[in-house]
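Quick one: structure below, then a few questions.
Each chain gets a letter, A, B, C and D, in the order it is written, and its residues are counted from 1.
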Amino acid sequence: MPSMAFDTAHLLAGGLVLVSFVLLYQDRLYGLLNIYAIHAVALSASVAWQAYLQGAPHLYVTAGLALGFKAVIIPVALRRIIERLGIHREIEPVVGISLTMLAGMGLVALAMVVMLKVTTEAAPLAREDLAFALAVVLLGLLMMTTRRNAVSQVVGFMSLENGLILAATGAQGMPLVVEISFAFSILIAFIVIGIFLFRIRERFDTVDLQALHRFRGEAR
Amino acid sequence: MALILDLAVQGLQMLLVLAAAPLLTGMIRRTKARLVRRRGPPLLQPYRDLWRLLRKEAVVAENASWLFRLAPYVMFAATWVAAALVPTFATGLVFSWAADLIAIIALLGTARFFQALAGMDVGTSFGGIGSSREMMIASLAEPAMMMFVFTLALIVGSTQLSTIAALLPSVGLRVSLGLALVALVIVAVAETGRIPVDNPATHLELTMVHEAMVLEYSGRHLALVELATYLKLLLYVSLIACVFVPWGIARDGGGTVPALVGLVLYGAKLVIAGILLAIFETTIAKMRVFRVPEFLGAALMLGLLGTLLRFVSAGF
Amino acid sequence: MTLPFDPVATLLLTPLAAAAVLALLPGFRLKAGLNVLASLVTLAAAASLLFSARPATGKFLLVDDLNIVFIVLGSFVGFTTSAFSATYVQHEIDTGRLAPAHLRFYHAMYQVLMFAMNLALVSNNIGLMWVAIELATLTTVVMVGIYRTHEALEAAWKYFILGSVGIALALFGTILVYVVAQPVIGEGLDSMAWTELMGRVGEFEPALLNVAFVFLLLGYGTKVGLAPVHAWLPDAHAEGPTPISAVLSGLLLNVALYAVLRFKILLAGNGAAFAPGPMMTAMGLTSVVFGAFMLYRRRDIKRMFGYSSIEHMGIITFAFGMGGPLANFAGLLHMTMHSLAKSGIFFAVGHISQVKGTQRIADIGGLTVTHPFLGWSLVVGVVAIAGLPPLGVFTSEFLVVSSTFARTPVLAIALVLGLSVGLGALLLRLNSLAFGEPRGSLQPARASYLPMSAHLAIVLCAGLYLPAPLVTWFQHVASILG
Amino acid sequence: MPLYFELYGVAALLTLAVLAVPASIAAVGRRALYGATLTVCLVALAADAFAMATRFTATAVLPLGLPWIGMNLRLDPLASYFLVVINLGSAAASLYAIGYDRHESAPWRVAPFFPAFLAGMNMVVMAADAFTFLFSWEFMSLASWALVMAHHRERGNAHAGFVYLVMASLGTLCLLLAFGLLAGPEGNYVFDGIRSAHHAPLVLALVIALALVGAGSKAGIVPLHVWLPLAHPAAPSPVSALMSGIMTKVAVYGFIRIVFDLIGDSGWWPGMVVLVFGGVTAVIGVLHALMEHDLKRLLAYHTVENIGIIFIGLGLALAFRANGMTAAAALAVTGALLHVLNHSLFKSLLFFGAGAVLGATGERDMEQLGGLIHRMRGTSALFLVGSIAISALPPLNGFVSEWLTFQAILLSPALPQWGLRIVIPGIGAMLALAAALAAACFVKAFGVTFLGRPRSDAAQNAIETDRASLFVMAALAALCLVIGLLPGLFIDAVAPAAEGLVGGSMPSQSRLAWLTIVPIAESRSSYNGLLVFLFIALSATLAAAVIHRLASNKLRRAPAWDCGFPDPSPMTQYSAGSFAQPIRRVYGTLVFRASEHVHMPRPGDVAPATHEVTLRDLVWEWLYLPVASFVSYGADRLNHLQFLTIRRYLSLVFAALVLLLLVLALWL
């Protein structure tokens, strides 16, 4: 049973990393959003599995949150925004997709090396989880830094945060996980889409971050 | 009693240099004239000139200040004292330790300082020329002189002229001594404003240095200035004499006979030096002002070389 | 034993209650007054912590020698700033740069900020501390954007994005710490409580601790404003209202630094863990040199002092990274002096930019002629942060440099070069600001000089004389810091 | 007891500095203020003189400064000697300031910082631990900076203040590093602890180098002198005198305290280094002065020269001490210390004179002056005394100290090290060169400023300065003369200080017959200023009397002769530039890369002929401009980091994270 449990957790977490790669691969916003939904689903699945393993019912809340909020509401909302603001649908990568993928590989390798140096004192399950979580976090950062559109950056940030949730749930019996996941969801939803998009909407025609940088702080 | 005697000797020396200075100049002038087949002025002409100048009324430029009238006296006094401190016929005079060689050079510096200021006082262009060139020459001559002093101090271990005159004969011949001699001669020529650095007999030439400074002087002031010049020449001659041909200089407490011998010998030294200088001046032409630095630079180098040689050889 | 009032509770509840009331109250003056009052009460509570017996350490709350320094300092700066902000914001309203509508939640936000920082400081739980700092960040984001101008919004947006990434990294580090602690201490809150962690840190898994510290250093380092994760700081300082700039430099940076320090102590407790010193030293040095060079090309006075904050945070981090009783003492002293001096400077700068109607350095000049008091106060402040006696910063810089040079000369020389480059820049700007031909408007300044003078006076006194109790206390803290 | 007098003095000065803020509004208040500083300085002076005479030594610890060591203060012969110098100069400056205040355009910017500056200098000398020392040191710099910025609206002054404070802080940081090394990681900053501690040779070498840079940058050692000719003239004249005459001496004190006192014997090479720096400083300084036509800048450059002379003496002392030649070391250090006093005296005197000229004419440019000897008789006479003194001419004091230094140089053949033997003669030549050039420079300064005919209306209508100023200058001149005539007394006065530094002192002079001074042995060298002076005075008066009695004493005023064609225009006089021309020809091409461009219009062309000279300050070009350009280059490159997009900033964060993780992954 433990091996089975282990493998499943491994599978789900690994799946999350895989989906992160798919996210990196995307070149259209809608596609990106769909994949992000899948990302969230994968997250909620692994969280649920963790909840089952650790026998921690409160984690189901997190799983449900991930499923409902991240897999459904956010993608829909973003899709709305894209339509309303008439953002053009292509993702403008800074460097070529393939290059980004290579960098991603490197990051995953790094994550593995860093984490697997850790001796087995920590529960192996936690170790694997952490390794994957770190990989997801790094990939999310990579996405934020290699995409120009605001939406794709936000998506990158959210995938990063999924990695955090993964790590948090992977940690045996960590308190405040639910609260933290809530806080983060609210952070994302409330702030990103809320005031800021609104204010920026009222100032600029697009949330493409480039527009924000016409003014460079000093060029007065 | 002894003190009084010493004081008397000291006073004698002062009067001696004062009396001998014009004579030396007169002799040089006459010799030069003879060398160029002129009859030349009589030996005592300088005394006559001085006396005549002294009795004339002094004509002073309108905007000349008190400094202009003070300077001649300072120059004269400083030079005189300096000249009196150089042993002429006897060493170890009562006040000879009032100043060593460095102080004597510095005294001449004081005289020069006032002379140059006097040149600037009336505010004419000639005075300025003279002062600035004089100071430029001095700025090179003084280090050379210092090097000469170093060499002596290294050989004899003293800057006290009496000691030097007393000890140097025992030292014997030294390369560095020779170098020092050349350096000293060059410096002396430059400082006393002789050819080839300056021409004491010239006027109204843009090349003149010393004469330009004192251009505005007349009457008793001019007399004092001239006398100071004579004294300076005498000082250098007797300096060379007492350092490089110290033979016959009377030791202190030697009694009267050696003193008289020293006196005679001193006179002889002056004559020889004067003749040599005259020959030197007639055979050489005056150089352009901006060649002078190179001339003096050579002296500085020689002095430094001599010093270094001494330093090195002092090791063994 | 039960005190008539619980200082810690007051520390936390006063701002919270005040925030609630302020959010509802109408009328600007009333709000400003209440704001000052609440800050005063908070300060009183903090001060009482010094004298009354320490409250027992709970599961969530903790008051010990380390954080009490920060609490008192923070609530003091908070109080003076609230007093300053009253006059400042009044002037903004009169000149119409801020509409009352914008200001509706200003004071409430201010109190929320106070609450968040106090919470971060007294929390005994790394998760709770994280939440508190997160809250503080969000509040300041909103306040930075309050002018709603092009620039302000961009600054806020930048601050927000970078801040949240930093927060995310910090959270990851926190989780890692829990993961390290959990096998040793066991599941649940205990594995996140400082007191527990400190007790058992020796048995933790060192390699994982290292990874955790990397994330925490970068995450909270973003808040501290260390290069290269500093980017939000200058613009936030430049574009937000000046009271917020003062609070940021004088308070928020310290709180984030406090978090870093806590974890540093934790790692220092574990022998096998790779010492956090070198990393902190490296980042500190980078920040010093970077900040010093960035001072030169600044055109905006507030942004310039923002960069100077980066430089000084670098010095402090450097000092703590070096460790040892002298360097740690110096670090604490420098932190105190810097937050006082820098917020004092921002008070002065706030009045100056209000009088001159601009923040452009090129448009401000000859202040000692036109506004002697403001001008000379600015001179004193800049001289202070330039590290010249008789002001307090000199003492700490003296200790940092002298204690470092004997141990690692290369670092000390690099530090000295950075310091002198920064000093050159500050003096260059000071020349054109305070001296020379007057530029800009000559109208007299309507401002209360009290907060500014108080700060500078304290810095001056500290430069001349450090009271013995303070010293022994700092020394104790320094020994804790290891 | 004297220590407490000193402490109360400092306290009083600081209080005055605070009181001055309100008091300086009214002229009366400022008068009272300067009067108060005068009295305080005089009291302190008396106490210090007493302490020096009685070889008084005492320590005190105040509960200030670094808490765990407190503020350590100590009074020993060396300290009290320098305190005498400081308070003498300060008293003079205070008295002068009373009169000068009328010419001051922004007195309220001067009055408060003046006492603070004095207090700072006193503190430095009394400090007995590293923190107090550096604290007072930098405080002194800061106060003087504020004074330099008093006339911040005049062109160039702000820049001067900037350069000054940056250089000062740089020096302080160097000293800070030096003390950091001496104190060690556990930081025993108290001087006694440093003395007792043992240091590795490398550490000592580093400390000496840092001390030379740190103290040298304040004293004005070439190439760290650039701030000096900028800042000293920018300050009000009393302050210029203080900065040039006194503050540089405090810097010298710092160097002595560290190199002679705190660290023990340190081999012979430091002496070598100090000697070379001293010689170069002396010559470069005086050459700069010769090329300078601004009276106060000229004086400032002469400070550089004299600092060089002092450091030559110190270097000799180091070399001798390292070889255990106590007598020679004592001679050298006595020369240096005596020159410290002498320079403080005549430099203050000269700056006061320059201030008087500035107040009377509003001109510092010598090319606009001239003929002042007729309108400002007292000032010119006193300035003349100062000029003779600084030119190291007998019978004044400047000559005495330089003579002692020469005597020390003449002892160098006894040194075992070849390097020193080869170098020192060259240094001697440089010293002589510097002295001769100084004389030339002051012929120029005095001749162009005071002699000749006025070159401007300002000079034409100048009026004599006030009584207080004249009195101060007269007093200083009298002191210069006294030291020049009775050097023995002062050599003996310096003896205790010298003893503490080199473990020996010169033989007692004051009991010798006729007050002659004999450094080593009478057969070797001796000098008697009094006799020389009497000789000169007597023979001069004698000559005057005789001539006036026997010959003529008639005097007639007539137009200047000038070889028959005098030109009425004062512009035909020799100007400062033309005076310096021969020397520029000789030395300038080497030192300044001097180049002259003469444009002579063709015959018939009415255009005026032009002649311009370009001098280049190589130190500035080769040392400072590169540094400045490097900083601005770095600033420019890094400045791009202000203008990145959020995404780029994120990449920075990302890069940092990956880097640190890699460090962990690979190295641990």
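Just so we're on the same page, a contact is a pair of C-beta atoms (placed from the backbone, for glycine too) under 8 Å apart; a residue touches a chain by one contact, two chains touch by 3 or more.
Please read these numbers as outputs of a predicted model, since none were measured by experiment.
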Touching chain B and also chain D, the following chains: none
Rounded Å distance, chain B centre to chain C centre (Cα mean): 78
Chain A and chain D, separation of their C-alpha mean positions in angstrom: 69
Between chain A and chain B, centroid-to-centroid distance (C-alpha), Å: 99
Between chain D and chain C, distance of the C-alpha-averaged centres to the nearest whole Å: 44
In chain D, residues with contacts to at least two other chains: 642, 646, 650, 653, 657, 661, 664, 668
Contacts with two or more other chains, residues of chain A listed in rising order: 114, 117, 141, 144, 153, 212-213, 217-218
Junction residues of chain B, two or more chains touched: none
Contact pairs between chains, per stated definition: A-C, A-D, B-D, C-D
Residues of chain B defined as touching chain D within the complex: 14, 51, 54-63, 65-67, 69, 73-74, 76-78, 80-81, 84, 95, 97-100, 102-103, 106-107, 109-110, 112-113, 116-117, 119-129, 131-133, 135-136, 138-143, 145-147, 150, 153-154, 157-160, 163, 203-204, 215-216, 218-220, 223-224, 289-290, 293, 300, 303-304, 307-308, 310-312, 314-315
Complex contacts: residues of chain D adjacent to chain A: 642-643, 645-647, 650-651, 653-654, 657-658, 661-662, 664-665, 668
Sites on chain A touched by chain C in the complex: 114-115, 117-119, 121-123, 126, 130, 133-134, 137, 141, 144, 153, 157, 160-161, 163-164, 167-168, 170-176, 179-180, 183, 187, 191, 195-196, 199-200, 203, 212-213, 215, 217-218, 220
Chain C residues touching chain A - in the complex, by the definition given at the top: 127-128, 130-131, 134, 138, 141-142, 145, 148, 150-151, 153-157, 160-161, 164-165, 168, 171-172, 175-176, 178-180, 182-183, 187-189, 191-192, 205, 207-208, 211, 234-235, 238-239, 298-300, 303, 360
Footprint of chain D on chain C - complex, ascending: 157-158, 161-162, 165-166, 169, 207, 210-211, 214-215, 217-218, 222, 228-229, 231-232, 234, 274, 279, 290, 293-294, 296-297, 324, 326, 366, 368-369, 383, 386, 388-390, 394-395, 398-399, 401-407, 412-413, 416, 419-421, 423-425, 427-428, 431-432, 435-437, 464-466, 468, 471, 475
